[in-house]
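You will see chain A twice below: alongside chain B first, and alongside chain C after that.
Presenting the complex of A and B:
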C-alpha cells in the first residue's frame, strides 16, 4: 500500500464510486472530512488497527474496496462511537465500517479474525432460535465450533461458583414472531 | 409511576444482579417497571455488525410492542440496548421509506414512537438528586469510587442525547448524593473492550486493564458501572491482567443500582453482591456497611 495516499489527497486522486455509494445508501458525506485526524486520535483500538479511521476514510475516497474489505480493522472495531462523536463533520465512521463489513461478508471475503466473525454468526443463531441471547449456550456453540474447550475454563468455573452461569436460558415465548425480520438475512456465511 | 422496562438479554442471564437491584431501587422510589411483553434481542453487536436491516427490525419490533402496551416511554438499564433502541428511533424518524418497510414486516404502526431512556437517566429525570437521596438510610460515606460510563451510555451524543460525551457527571452526582466520594480520573468514557470478551479476550485484557489501572492511579477503591458488558469485562479479567501485565488491581466493579440499594438499606444477598467475581464484601465490611 502506497503510504502517500494518507497525506491530504488532490482531487484528481479521488475515485468517487464508493464515496457516492455511501452518500446514496447511508447518507454519509465523506467530502465533509477535514482530514484533521481526531477520529484516529480517539480510536479505542487505533493502536492495533492496520488502518486507523482517518486512513479508512482516505481509502474510501480513493475507492480501494479490496483493502477495505480485507482489513483487520473491520473485525476489531469496538463500535465505541468515539470517532463519530469527535468528528467535527459528524461523519459516521462506525456505520461505514458496519456497511463495509456487511458487504465483505455478503461477497464471501474471509474475515481477518475468523473467530470474531464466527462469534457474531452464532449470536445471530441464538437470536433466531430463542429471540434472545444467553451467554452459556452461546459459549457452548462457540467452543464446539472452535474446539477451544480449555480456553477460559477456569473463568467459567469461577462464574459457575458465583451462580452466574446457572440460569435456564431466557427465551421468547414466541420466537417465531421474529420470522419476518430474520427471513431476509442476506448472507449465511459462517466465517 | 408506571414505565415500560426493557431488561435486555444480559440482565436475564449473567447480569441478573443488575436486574434485581434495579427493580428493588425502583420499587423503593415508587417507580413501577412493567416489562416489555415478549421482548427480543435489541440487535446489538452481531446484529448491527452484520446486517443493518435486521438490527433495525429487531429494535423496531420492541418499540412497536411498547406502543401496543400504550406506553409513551421505555427505559433500559443496558447502554447497548439503549443505543440500539435510540438508533432505531432515529433511523425511523428520519426515513419514511424505512418506516413503511418495517411497518409492513412487523404488521404494526410506527408513525408514533416511544421515548427511550437509560435507567440512570430515567431516575435522574423522574426523581432528581434530592429525590434519589431521600430513601438513604446508610450513606455511602468513606467510599472512594471511580465512576465509569463506558461508551454507549453517552455516545454518540447526537443520538442518545444524554449527559456530556467527554466529561459525563450524572452518575458522579448520584453517588455523591448517596454520600460517596467520586474520584477525578482519565478513563470515564474509554472503552472496556466491548463485545470481544469471548472472541478476542486480549482486547478486553488490554483496554479493560487500562481502565482499571487509571481507576487505581486515581485512588479509587471500587469502580461503579451502568452497563452489564462493562461490568463483566472489568470484573472477570483481573486475574489475566495480573498475569499479563503484572498489575494487581483487585478492584470490585459494582452496578450503580447495587450501591443505591446498599444506601437504601438492602442486604448484600438481596443486591446480589456475592455474585461479583472480585468481591466487594471485605471493602464494604471495612467501611462499616455491615
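Presenting the complex of A and C:
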C-alpha cells in the first residue's frame, strides 16, 4: 500500500527569499498586501488563471518558487495593469509577473500551453523590425506558423468592430535607433 | 434645602472607576472609590505599554491617582470590598470591609457605579493548545509579565513567539460567540514589543481577521506588520505539539488553503474576555441588569445605567480598552451627577 506522510509547509522564515529579492531588486513590498482580493476579483484573465493575483502574492510570501515558475498564469497574464491600478496598497503585481517570467525564461522554463513562446517571439520580432506592434500583420504571421487560420476569427471580427485592429502596419520614424538600443542592451547583458 | 452632601460609591479602582470617581469629585459631590487590591490601577496596572501610542500605563495611573488625591471630595479605599448592600429610600446602605484589618464600616450612598473590570476565560479547556501542560503556553495577561521579565533581563531570549488570536472568542462550541474586541490590538502591541526587545526573534500572529476599529488602530497594526516585520498567518491554529524542547504550531494558511507549521518557544493565547465571577454577587446585591454571559447590561437609551441608582463603566459591561474605559467612567459620572444634582 502506498502511504504518503503528510508534511505541512514549514514557515521558517518571516520573509521568504523571493520576497526579499523583490524588495531589493524591484522595491516592491508585498507585506503591504491586505489580502482583500480586489486584484483577483477584477483580473482580466482571472477566470482562466490557475493562480489569481492575490494567490500569486501569497505564493511569493510563502516562497513557493516552484509553483510560481510552473504556473499557467505566468504566461496568460495580459499585463493589463488592472490589478495594480485597483490595489489599495499599490502593489505592482504586473511587475512581479514580469520579473518571474524573465526568471523562468532564463531558467529554461517553458509554458505548458502550446505556442505561447512562439507568439512572444513573433511579437518581439515585430518590435525589433518596426519598432511597433501591428495586430493584423502579427496575427497573419502567427496563423501562418500555427496553421490555425479560423480559430480566433470571431474574436478578430469583434475587435475590428471596436477599432482595436490596425490593418495598416505602423512604423516608428527611425526604427534603426531602436535597433541600436537593442543591440547595445544585448551586448550589455552579455558583458 | 438638604445640607447632606450627596455621595456615590464607585466599586473598582481601574481606569473606569478612577475616572468616574474623579469626575464626581470634580463636580463637587462625594465619591468613595473602593478597590480590593492594595493599589489602584486594575488590569491596566499589569500591562506593559499601550496601543496605539506606546504610552506607559503606569504614567496614566499615577496621573489619575494624583488627581484623585488632590481632590478633597474623593475617598480612595484600597484593600477594601463591599460586603453587603441594602436599598434604602434614597440610595443604598452599604457595608465595606477592609481586607487586611478585617474592620468594617457602614455608610449611606445615593448611587453606585460598578466598575469591576473583566477576566480572561480559562483557556485550559483547549486541550489542543496545551495550556497548563507546556509552561511556555500562556495567556495574554501572563505574557505581559513575561515581557516585563525580558525587559529586566531576567528571562532568556526567545527565538520564536506565536500569538493565537480568538482563543475562546468567536467560539460557539465553548460558549463565547462574541468577539472580545481588544485582543487584535493588544496582540499587535505585544508582538511589536517582542520585536523591539529582540529584533531577530521570529514573531507569528495567527488570525482569522484583524479588527482595528479605532483612531490610529489600523495604522498601528500595519506598522507592526510592515515595519516591525511580524508575520501574520491567516488561520486559526489547530494544535500545539512539543518538538525538541520547543513548540510546534500547526495551522492552515487559509489564504492558500495549505497546512502550515511554525516552531517557536512561546505561545501566547489571546483569551476571551469574560465577566468576573464575583461581579455576579454585586449585580444581585444592587439589582443591576446582566446579559446572558454575565456582563452588566444597560437600560434602554441610557448606556451607563443598569438599574435604579445603579450605573456601570468599563470591562464589567464588556471588553473595552483603556481609552474606552476612561470614556465610560466619565459617562457614568455624568449620568450620576445628572441624577443626584436634581434633588
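The definition used in the following text is that the second predicted complex is superposed on the first by the 134 of 191 C-alpha atoms of A that agree within 3 Å, B and C clash if a C-alpha of one lies under 4 Å from a C-alpha of the other, contacts with A are read in each partner's own complex, and residues count from 1 in each chain.
Convention: a contact is a pair of C-beta atoms (placed from the backbone, for glycine too) under 8 Å apart; a residue touches a chain by one contact, two chains touch by 3 or more.
Just so we're clear, the structure is a prediction, and the values are computed from it rather than from any experiment.
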### Task
Give one of first, second, both or neither to describe whether A:15 is in contact with chain B, with chain C, with both, or with none.
second
### Query
With both structures placed on chain A, which of the two partners, chain B or chain C, ends up touching more residues of chain A?
B
### Query
In the superposed arrangement, which partner chain does A:62 touch: chain B (first), chain C (second), both, or neither?
second
### Message
Is A:32 touching anything from chain B or chain C once the two structures are fitted on A? First, second, both or neither.
### Response
second
### Query
With the two structures laid over each other on chain A, which partner does A:120 touch: chain B (first), chain C (second), both, or neither?
first
### Query
In the superposed arrangement, does A:6 touch chain B (first), chain C (second), both or neither?
second
### Message
Counting contacts the way the document defines them, which residues of chain A are shared by the two interfaces, the one with chain B and the one with chain C?
### Response
none
### List of chain A residues in touch with chain B within their complex
44-45, 48, 76, 78-82, 84-85, 90, 92, 98-99, 101-102, 105, 113, 115-116, 118-121, 123-124, 126-127, 131-136, 138-139, 142, 152, 154-155, 158-159, 162-165, 167, 169-170, 172-175, 177-178, 180-182, 184-187
### Task
Over in the complex, which chain C residues touch chain A? Could you list them?
202-204, 222, 225-226, 229-231, 233-234, 250, 253, 255-256, 258-263
### Query
Where on chain B does chain A make contact in their complex?
9-10, 12-14, 16, 38-41, 45-54, 57-58, 60-61, 83, 105-107, 151-152, 155-158, 165-166, 189-191, 193-196, 198-201, 203, 206-207, 236, 239, 274-277
### Task
Please give the residue numbers of chain A that touch chain C in the complex, ascending.
6, 8-15, 29, 31-32, 35, 54-55, 58-59, 62
